[in-house]
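Shared between the two complexes below is chain A, which pairs with chain B and chain C, respectively.
Up next is the complex of A and B:
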């Protein structure tokens, strides 16, 4: 039996207090490790600092970092790369993920194994996925160039990682391979929540397979696909490991997204103030983008 | 739904082809580790090595501190799991059982946590940790990981606690248990499956990280995590593909095995919060 404290938390009138006490550690930790650093970030972005030292005299508030940012071609280039990558990878992952989910949602022998197998890339850590694809896209003995030659698409080895256009595609394919299983898993969960009665009823009414897909599966899948779309988009927006280890943002910054630019400005060039400004803008874009997307599919999350 | 034999064959064909394309890169990783150097530097590529070089796995273990890296990754992941579980069991239970102001906005908060670019957050965290002299310590990564994991684990656990009838605790409290004792002795023991699934999900999230570890531990080679070690083996000009692939097999296999055997639990974690 628990000892009664002076504060009798078992009494209904004080129970809501216990709720707050239980939440306190989580709130404190999140405040210290997420909220407080975010405030520092915004503060840093408004100062002209190279390496921040807490306790050092504050530099005067300036919008210099943001002015420099909006007039820098590198920033606009990074925006463009991010947009291209987000669209390519999200679209690729959605197509691959939804079609594999529809495929294994059929009833057949071994479907459990097929389901697990098709989502296996989800379990491969991003850095390992990069190792695999860096070799597949190798410029001298890579599998992909050999395949392209075999298929008659080119007549020589392609320097995937060191040519700007090709590097973007190598990166996109790596990210799609790593990202589509999530879409597949979410879609399957959505498909399974559709009651079988709906299909049976539609069949009685004489609906064809295509009609059943168009008028039952698709509309009922929409809410979960909306959330998935947002989550995949945010993942591409924020990704660091795949891009950093595969291309490092190069060649010629052709794969440098906003996320990579933030990191390199801080830890490559030690411009913490400027880097924070890039990061803050990235976050604002993320928030606006997901609000726009979620606004289209309300009542999810 | 009835299928004609032709449709069945087409379905199986489609499934086998798709699975083959998806799994090919993983197969390729193993093949690259096992193939001889000559086979790696020739075209057409070798699909089945003539003389698989199994010794590569023991060789890479002596040449690179793989076990140390794996050990560090395990410490970080276990530390993050323990810390985030303690905090989120309390928070999840609080949200499930008590009316807390602002509790409804948890879903929104999780989404916000998903939006935060790691590269933005590491800048101030690096500054803070450097000022208190913690850079290079595994604790920095544990604290960062667990905080980022907490919103998700709290959400999963709240959902799980919601499925447990309140009457159980009420009965215990009638028998004289305090509210905390009722939680510890009645609710937690029957929540083991939910706790295990949540912990597993947290472990995988922590194991996969590269950004935080790289930023905080780069200077402390003995504290490198597995992902950092592997990334460091990818040279700027030349890479020993036999060696890096064998090392990658060591890092990827534990997580793939966890996934293969416990897929059901992990998938629950992934979809939790999305379909409410």
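Up next is the complex of A and C:
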């Protein structure tokens, strides 16, 4: 077959073609499941489409969706909420994840159980986790308000989900609970790859625990933490189910991220062209954020 | 000879198999029917009965009855239609079919009705199914809200069953209590969904809006929100929520469950509440009355139609199924099995109260809602109902959170509604 096409894959000058041929199925698959929907999305964002239809005639190309988007206060508010959520949840997850990983990296009785418990939230499906937290933060009968009353922090039930500030924190806590085990597992893997000799030498030199963490643990964890940071950030950026089930983006759009805005515009208001424009902008922001974070990580090594 | 017989037998077997397969290919047909009501106590049984009747009359034809949750129903249907794979039998809420009809995805049923000489005069809520001068669907349910109450809670608070807003408010105030003194209210006067989607939020809010004589638009589709009546309606709703007379941040399902378990004194809801009431801890104590807030919320609920892009043979089968559903027999069963008010004027509902004791009340509330021209979908905002609902929900939430004056809020809603309508 190769000879019929005039190819001789045994020749050194054409050996690289074998690599391309072997890669072709995977590349085609990726193109089909990632590139094609992306093209459709970009194409839709450049049309005034309310309800799309596969095979339907194209509408004239317009930048109207983007013009409307950049002049919409709702879009800028969604960007701000997304940024706040990304920073809060990523920081919270990193702090909780690294702390728990350091804890279970030590030898103590029940360490195995502690490690399983640490990873448990990661194993719980998102929707189930949100249902549990929805009851914890329930404004009429919830555990959290009950606890606050019992501790004397308040004398009435707190409307967690129907108060903008409280809703944001309820959402952040839920997402941190769901996200920190991933950081823990990644950090624990990183911690176990650090040679014990480094710590022994530092102890001989009189380094304190904080100094050992600052000058040995943290620098050696940076490659793993860099990748973890990117993955957690992207997860918060695109997460939909937790926000949708817990707050639905409300109240008063205080938890409406770009993903929720995309969904509402598409399936709530049937403005698929506009929703695609939000989706495309979200993608661009994600790509830039990832490139910035990954681009910086080698320098921090 | 032996070889010839063997060959002939084999040929005959193959021929018979091919014939059977060919016949099966002609006869076998599966119609896709997606609904959110498959597991509903009464409605699910009614649908299955209709499907069985249809299948018995159409040998080899099956209906694949699949459930999609109501919360994700519009999303799923949008995806199916957009992907060119719509269900043959189209079941939609009456506030969402318009978008599908506007895209030409719903078959015009006028020729089918004409062909069979079916007169839709007097069919409750059928006007809502007219879109762009065509019949896009058949109305399945036109209802009126009822008021369910817990007589024990009312008696303990020393109040009568309310018959107007003032009495309703007084009863709600008297029955909202912290029973064990822990600082947490355990029993509420009434209950409304204050979280979740805009559709249910607006329906609950409409109780107070209608009772104050207000509505979103007039019959010509002009936005009529900035009125003294609407200010009064929003004030009433604000009073109920701000005074904590209803639990907050709950879905309608949670509120119904709380009521059924005896934690809420009064609940304004549609006929479907009865199914939940029967399963609750206080099931044997709960009663139903004509709503204190009048005219009752009501109107069209859900519709049945057919996808426009299926084959003519499939359209005929779907139409046959729709005819089964519309038949007087099944319209009667809509009352006896599903416990709902049938839209057909020909439905014989005599004696239904023997199996559904509150049925006369359902008819009364349905007629009261119809007489007042009540519908949940405002004329002139049908296509933008999702966006309009979300906007109203947010502005009302803003009113509650920031303690805004309803007089200012109606001005904002009026302006935003006009902008949405203008596109």
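One rule holds for everything that comes next: the second predicted complex is superposed on the first by the 273 of 301 C-alpha atoms of A that agree within 3 Å, B and C clash if a C-alpha of one lies under 4 Å from a C-alpha of the other, contacts with A are read in each partner's own complex, and residues count from 1 in each chain.
Criterion: contacts are C-beta pairs under 8 Å (C-beta built on N, C-alpha and C of every residue); 3 or more make two chains touch, one makes a residue touch a chain.
Note that this is a predicted model, so its numbers are computed, not measured.
Enquirer: With both structures lined up on chain A, is it a clash or a fit for chain B and chain C?
Expert: clash
Enquirer: Applying the touch criterion given at the start, work out whether A:270 contacts chain B, chain C, both or neither, answering first, second, both or neither.
Expert: Second partner only, chain C.
Enquirer: Looking only at contacts as defined up top, I'd like to know whether chain B or chain C touches more of chain A.
Expert: Looking at chain A, the partner in contact with more of its residues is B.
Enquirer: Looking at the overlay, what does A:125 touch: chain B (first), chain C (second), both, or neither?
Expert: A:125: touches chain B, not chain C.
Enquirer: Just checking: does A:140 make contact with chain B only, chain C only, both, or neither of them? Give me first, second, both or neither.
Expert: In the superposed model, A:140 contacts both chain B and chain C.
Enquirer: With the two complexes superposed on chain A, say which partner A:193 touches: chain B (first), chain C (second), both, or neither.
Expert: The first partner, chain B, only.
Enquirer: Pick one for A:34: touches chain B only (first), chain C only (second), both, or neither.
Expert: first
Enquirer: Scan A:117 for contacts with chain B and chain C and give back first, second, both or neither.
Expert: The first partner, chain B, only.
Enquirer: Who does A:71 touch here: chain B (first), chain C (second), both, or neither?
Expert: In the superposition, A:71 touches no partner, neither chain B nor chain C.
Enquirer: So in the superposed three-chain picture, is A:156 touching just chain B, just chain C, both, or none of them (first/second/both/neither)?
Expert: The answer is second: A:156 touches chain C but not chain B.
Enquirer: Once the two structures are fitted together, what part of chain A is touched by chain B and by chain C alike?
Expert: 52-55, 138, 140-141, 146, 267
Enquirer: Under the stated contact criterion, what part of chain C meets chain A in this complex?
Expert: By the definition above, chain C touches chain A via 74-75, 78, 81-84, 99, 103, 182-185, 194-198, 247-250, 384, 386-387, 390, 393-394, 397-398, 400-401.
Enquirer: Which bits of chain A are touching chain C when the two form their complex?
Expert: These residues of chain A touch chain C: 50-55, 138-141, 145-146, 149, 155-157, 159-164, 248, 250-253, 264, 267-270.
Enquirer: Can you check the complex and tell me which residues of chain A touch chain B?
Expert: 1-4, 9-10, 15-16, 18-23, 25-27, 29-30, 32-34, 36-38, 40-41, 44, 52-55, 100, 103-104, 106-108, 114, 116-136, 138, 140-141, 143, 146, 177, 182, 185-186, 189-190, 193, 223-224, 227-228, 230-231, 234, 237-238, 240-241, 244-245, 258-260, 262-263, 266-267, 272, 275-276, 279-280, 282-283, 286-287, 290, 294, 300-301
Enquirer: Along chain B, where are the residues that touch chain A in the complex?
Expert: Of all residues in chain B, those touching chain A are 1, 8, 11-12, 14-15, 18-19, 22-23, 25-26, 28-29, 32, 40-45, 86-88, 90-91, 93-95, 97-100, 103, 107-108, 110-128, 131, 143-144, 146-148, 150-151, 154, 173, 176-181, 204, 207-211, 214-215, 226-227, 230-231, 234, 239, 241, 244-245, 248, 251-252, 255-256, 258-260, 263, 266-267, 270-271, 273-276.
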